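Structures are listed in the sections that come next.
The following pair of complexes shares a single chain, subunit A, combined with subunit B in the former and subunit C in the latter.
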Partner chain A sequence: MPGLAQTLFITASGAGMNLRPHHFILWALFIAGMLLMPELVGRGTLRTMVFACYLAIFAISWDILSGRTGYISFGHPFLVGIGAYTTAILTRRYGFPVEASIPIAVLVTMFGGLIVLLPALRIKGSYFALVTLAVMELMYQLVPVVRPDLTGGTRGISRLPALTRGAENGYYLAVCLMLAVALFAWLLMRTRLGTALWAIGQNEESVRGSGLSTTRLKSFAFLVSAAIAGLGGAFYAHYLGTITPRAFFDINVLFQIIVAVLIGGAGTILGPIIGAFFMVFLLEWLRPFLPGQERFFVYGAIALLIYMYQPKGIMAIIESGITRLRGART
Partner chain B sequence: MLQIIIQGLLLSGLYALIAMGFMLIFSIGRTLNLAYGAYIMVGGYIYFWLSQQLGLPKLIGFAGAVAVGAIMGLLKHRLIVKPLKGDPVAVEISTLILAVIMQSAVVLVFGDASKILLPIIPGVVTISGAQVTYNIVAATLMSWVIILALYAFIRGTHTGRAMQAVSMDQKGAAISGVDPDRINMITWAISGGLGAAGGVFFASYTQLSPGMWVAPVIISVAIVIVGGIGSIIGTLIVAHIIGFLEIIVVAVWAPELRGVFTMLLIIGVLIMRPQGLFGREEH
Partner chain C sequence: MTLKYGIAASVAATLLATTAIADIKVGFIGSLSSDTGLSTLRGAEMAIEELNAAGGVMGEQITLVTADTGEDVTEGVKAYEYLAETEEVDFVISGSIDDVSLGWLPRMQEFQIPTLDTWTSYIGIIDQVIEEPDLMAPYFMNIASDEALATLYINFGADVLKAKMGWESVVILAEDTAFGEAITGLVTEALGPVAGIETKEIITYDIGTVDFAPLFSKAQASGADFIYQVSSVNSQVISSQYVKLQVPMAMTGVNVSALGMEYWEDTGGAGGGISTLSPIPSVGFELDPVSAKFVADYQAKYTSRPVMPHFNGFNAYHGLKQAMAAAEEAGGFGDVKAWNAAMLKQDLKLEKDGKLWLRYGFWQHGEVEEVTGRTYPQNARFDLTAPYDDAQPSMVVIQWKEDGTVGVVYPFEYANTEFEVPSWVK
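Right after this comes the complex of A and B.
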């Protein structure tokens, strides 16, 4: 049986990708549009967009595991938090340069996720969701207590080295990271591996029946998801400059990630991005009226309505709208 | 030593009460009802509003909290669970969204700051050097009364037995002339009422804050899963295991580690034995 990396190589280099010219054109337009943003909008909007980009990265990470395979993870803030804490501890406490600490943070996130959550892939449905939720809550309780000299306790770690200066550079970094992650996820999902992951979400038994190792596929999805979450978490920590346990291991963070995916459209690449931008801008727009956590009331109500109306999210609503328009014309 | 036993018994009684309502829903639809925390929170706040802000008698406050909880449970079933046709993932996620909505609604109405609930029954008794408030004793006694009543209801009445039947096999129950829809509604209402009642006691044990719902939900989840789905006795036993575990950790080790072992227990049991310690096998 060929190894996973080999399978990946074969499928990627083979005809399975099915890339067409219009794909390249659409991607180029999308990337150019995102990169032109600093010319079009003000600084404040750019800062909001940076948050949206990071949320989109976390959302894509969640979608690769949960949106495709149907294994709902309630523990993604845990992965993001490991990435953020690893790079924070390495740079602030041990004086690592950022170039070294971020790759290490990604590896640690993959490894940490592997130890904690891989056994959980044995169980299904609500049980998997529960274990991941419990792991997140466990981390929240452990981080301030274990070695507070390293983690900074409940007050967290502040004055992390910044990667960029100014709103524009911060935006370029975040948007490039998001575009890279999105492109990678898009390419990955066009391989046969991506198809297999999606098939697990449809019917796991029949995937196993066709001779594929579902455990291996799920582990792979999990590792990719963890790596992206760790990467996003590490960059996000340096962007924020300060991290606290409540800012990462919290049910509100989980809510934002999951809702971004669901109202955007699970199982797509553009969906989580749309969802993340929709969420961050709506919350920002509500800020003058409702300054605090109350904003989530309006936001949650809208999210619930969209979700009840169309569980496949905004993407599906747009698509059905386009088909309806086309149908009206012909 | 005696102090640990007393405090352990008191906390466990409270946990058992909170877990009961969650267990009912989880056993009937395998639904991870994260909005259960919202009943707990809303129950606490309604009681606070009626009895402390409006100055009504405590009994009315308590009844009001239970009624609102039951109505919330009913509405939840009508408006969310039924339209989603029992798709567990969709229900789970919609309950998560609903829980966050309720949390922000509480912030909107009562503000962000946490509130102290006056003791339901004031007074303190000292047992072998341990200060035990009448309040928590009353809470534990009440939760035992409620638990026993629930047990009698489920075992003794026709509706209760129908609830059990639906939780085992929905189709089979329907064939034997039970209306699963009606039973589901009743179960959601009872669960909401129990959650609100548990919330009043839980809030008087700790305090009222918009984020108070997360910990009890995870604890009830832990108790129900570890105890085994649909097993009242299992729920009771595990509520005591977790209650005592927490009290012992706090007394012997460090208060900060209180929740750590509970989480480790739930993760371990879920991975090793997903059907729980006292549950029936799932197919």
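Right after this comes the complex of A and C.
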């Protein structure tokens, strides 16, 4: 039975990643396009893009675990929240510099998630989803009451040190983080490890039958997912400047993450990014025309229509469009 | 072609006309679907209409744009960014609840846009004003902060709950929100020691709770003399169940739904006996002529709920006019320090029957309030000592009677009815 280390060793050497020149060209164009945005759009749009970038990071993180392996996690805001609260507590209560608090937040998220959620990976399907949902809800209830001197209770923690100021700087930070996470996830998913994770989502028994340890693979996916969620949560907390339990552990946060992945296209890298940008921008574009809660109904209806038309999301619509174009040329 | 040019010319003319008259832009931030948010929005709308009708400010007309928060913290941050970066407003008026205000506060500090908070009463924000006056120069809160609200409420505990009713112990029934936590802390830390009322138990409940019967049973089992409820979300549920179940012990406290005239309808008439702390002016509060005219104009203009503006509607109406007057003195909103200095000087005194009734002014930096012994810079001015001749009290206690009427029961100088327990409580 090849172990996880062996699988990692094989993939780290680059064997089987099937990288082609056009991959690098497309990534370079994508990165350049994103970095050029401040020259093309206004500050208001940049602010919206910052939120989209952070949502994309959370969505990619969720997709690594749930989109690939099929283990639907309803507890992802729990991981994001651990990252956010750890760096907030360390910087505001103990005077840690952010250079130290963010890496610690990532480690704490991985460790905290490992203790709480990893045992749940031994159960399947809706049971796993329900356990993770319960963990998130528990966190929502506990944060305000356990050590409110540290967590700030329901009013949270204010005056977190800002990493940058201004729309452009905030955008560059968020987009660089998102691009780094996306590139890392893309490379990871092109390895045999990524293939094995995808295979678990298709048929876990077959993967186990082929001699791979699915528990280890799932644990690995979970740790990577938690690390990205913790990283994103920590940066996001410093961007917001204030964190409260409602902003992180609310069920709406979970819905946003999952809908971003499903609308964009689960099991892909660009899908969650497209989904996150689509969601955030649609809501903001509707704001001047529908300033109240009506815009959420319109947005929900559009999302539902897209999902009904193509359950695999916008990525699948784009891919089928490209295929048709190619077919028309030939 | 002619049609195209015609449309283009019309659009251009409209845009130019809009630009020519829309020189001062006010942004509203708050919930567009709550009575609280709508109160602030409508108060601001009425003030703007009156100012525009009188020629505007500095010869310019004022326009209002809205940004809905949906009472969500993250949406609040996006809303403030939208107002600042996309709409590029000159001034922000807020009807946000506590944690939403805390969410957008870092954005206000970054953009330095003069901002008036009409609902949030969190003393921690005033503490920030004290600690970082330059960074917080654009911020004003024209509702008495929660510490001032609580201080006077403690007097109600001593003067009425203890002295008049003879109650000596309380069980707190509080929702699990920032508001619930803050009020619970103040009651347990202050009500007990000052008013001599012992806290027997604190029962916290989820804001989604629909069946309060077990919680009322638990409260009764505590052996306390009365229940202190702290409820700002879905408050009509707890109060209507209290009435329908005829819980045999008295209940007072803070119930936000009881602050509006819709309370009686929302509870299906099952709201009698409920009393709550309320900032001023509240329902049941006698109004001075200026405030009465505001309410009459409001009711002539708006037919949907809230039929009577909540206190923050009054705050928005007077506060926005004061912010514009300060801008006129400071030469606009651009120089935040100059605007801050001019805003601190704003002082509107409203009298009723020859007595100072309401005052819309602000505490100055370094000015110490005598009862609490602390400062409240850029916070609404209030008075904690009878006969309240410097300003209005920080709060009143109102009570809904079983016949659907409502009145003020405390402080005695503002009272128009007496505090009493419901008929089913012996």
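Keep this in mind: the second predicted complex is superposed on the first by the 317 of 330 C-alpha atoms of A that agree within 3 Å, B and C clash if a C-alpha of one lies under 4 Å from a C-alpha of the other, contacts with A are read in each partner's own complex, and residues count from 1 in each chain.
Here is the rule we go by: a contact is a pair of C-beta atoms (placed from the backbone, for glycine too) under 8 Å apart; a residue touches a chain by one contact, two chains touch by 3 or more.
What you see is a predicted model, and the numbers here were worked out from it, not measured in a lab.
In the superposition on chain A, contact of A:252 is made with both subunit B and subunit C.
In the superposition on chain A, contact is made by A:120 with subunit B only, not with subunit C. Of the two partner chains placed by superposition, A:23 touches none, neither subunit B nor subunit C. With both structures placed on the common chain, the touch criterion links A:293 to subunit B and to subunit C. Once chain A of one complex is fitted onto chain A of the other, the partner contacts of A:141 extend to both subunit B and subunit C.
Once chain A of one complex is fitted onto chain A of the other, the partner contacts of A:72 are limited to subunit B, with no touch recorded for subunit C.
Contacts of subunit A with subunit B, set against its contacts with subunit C after fitting on chain A, overlap at residues 141, 144-145, 252, 292-293, 296. Touching subunit A in their complex are the following residues of subunit B: 30-32, 80, 83-84, 88-90, 92-94, 96-98, 100-101, 103-105, 107-108, 112, 210, 214, 218, 221-222, 225, 254, 256-260, 263-264, 266-267, 270-271, 274. Of all residues in subunit C, only 32-33, 66-68, 70, 72-74, 77-78, 81-82, 85-87, 98-99, 102-103, 105-107, 109-110, 122, 124, 128, 176-182, 204, 206 touch subunit A in the complex they form. Against subunit B, the residues of subunit A that register as touching in their complex are 70, 72, 74, 119-120, 122-123, 125-127, 129-131, 133-135, 137-138, 141-142, 144-145, 251-252, 254-255, 258-259, 262, 290, 292-297, 300-301, 303-304, 307-308, 311.
Of all the residues in subunit A, the ones that touch subunit C in their complex are 42-48, 51, 141, 144-145, 148, 153-156, 158-160, 162, 165-167, 240-242, 244, 246-247, 250, 252-253, 284, 287, 291-293, 296.
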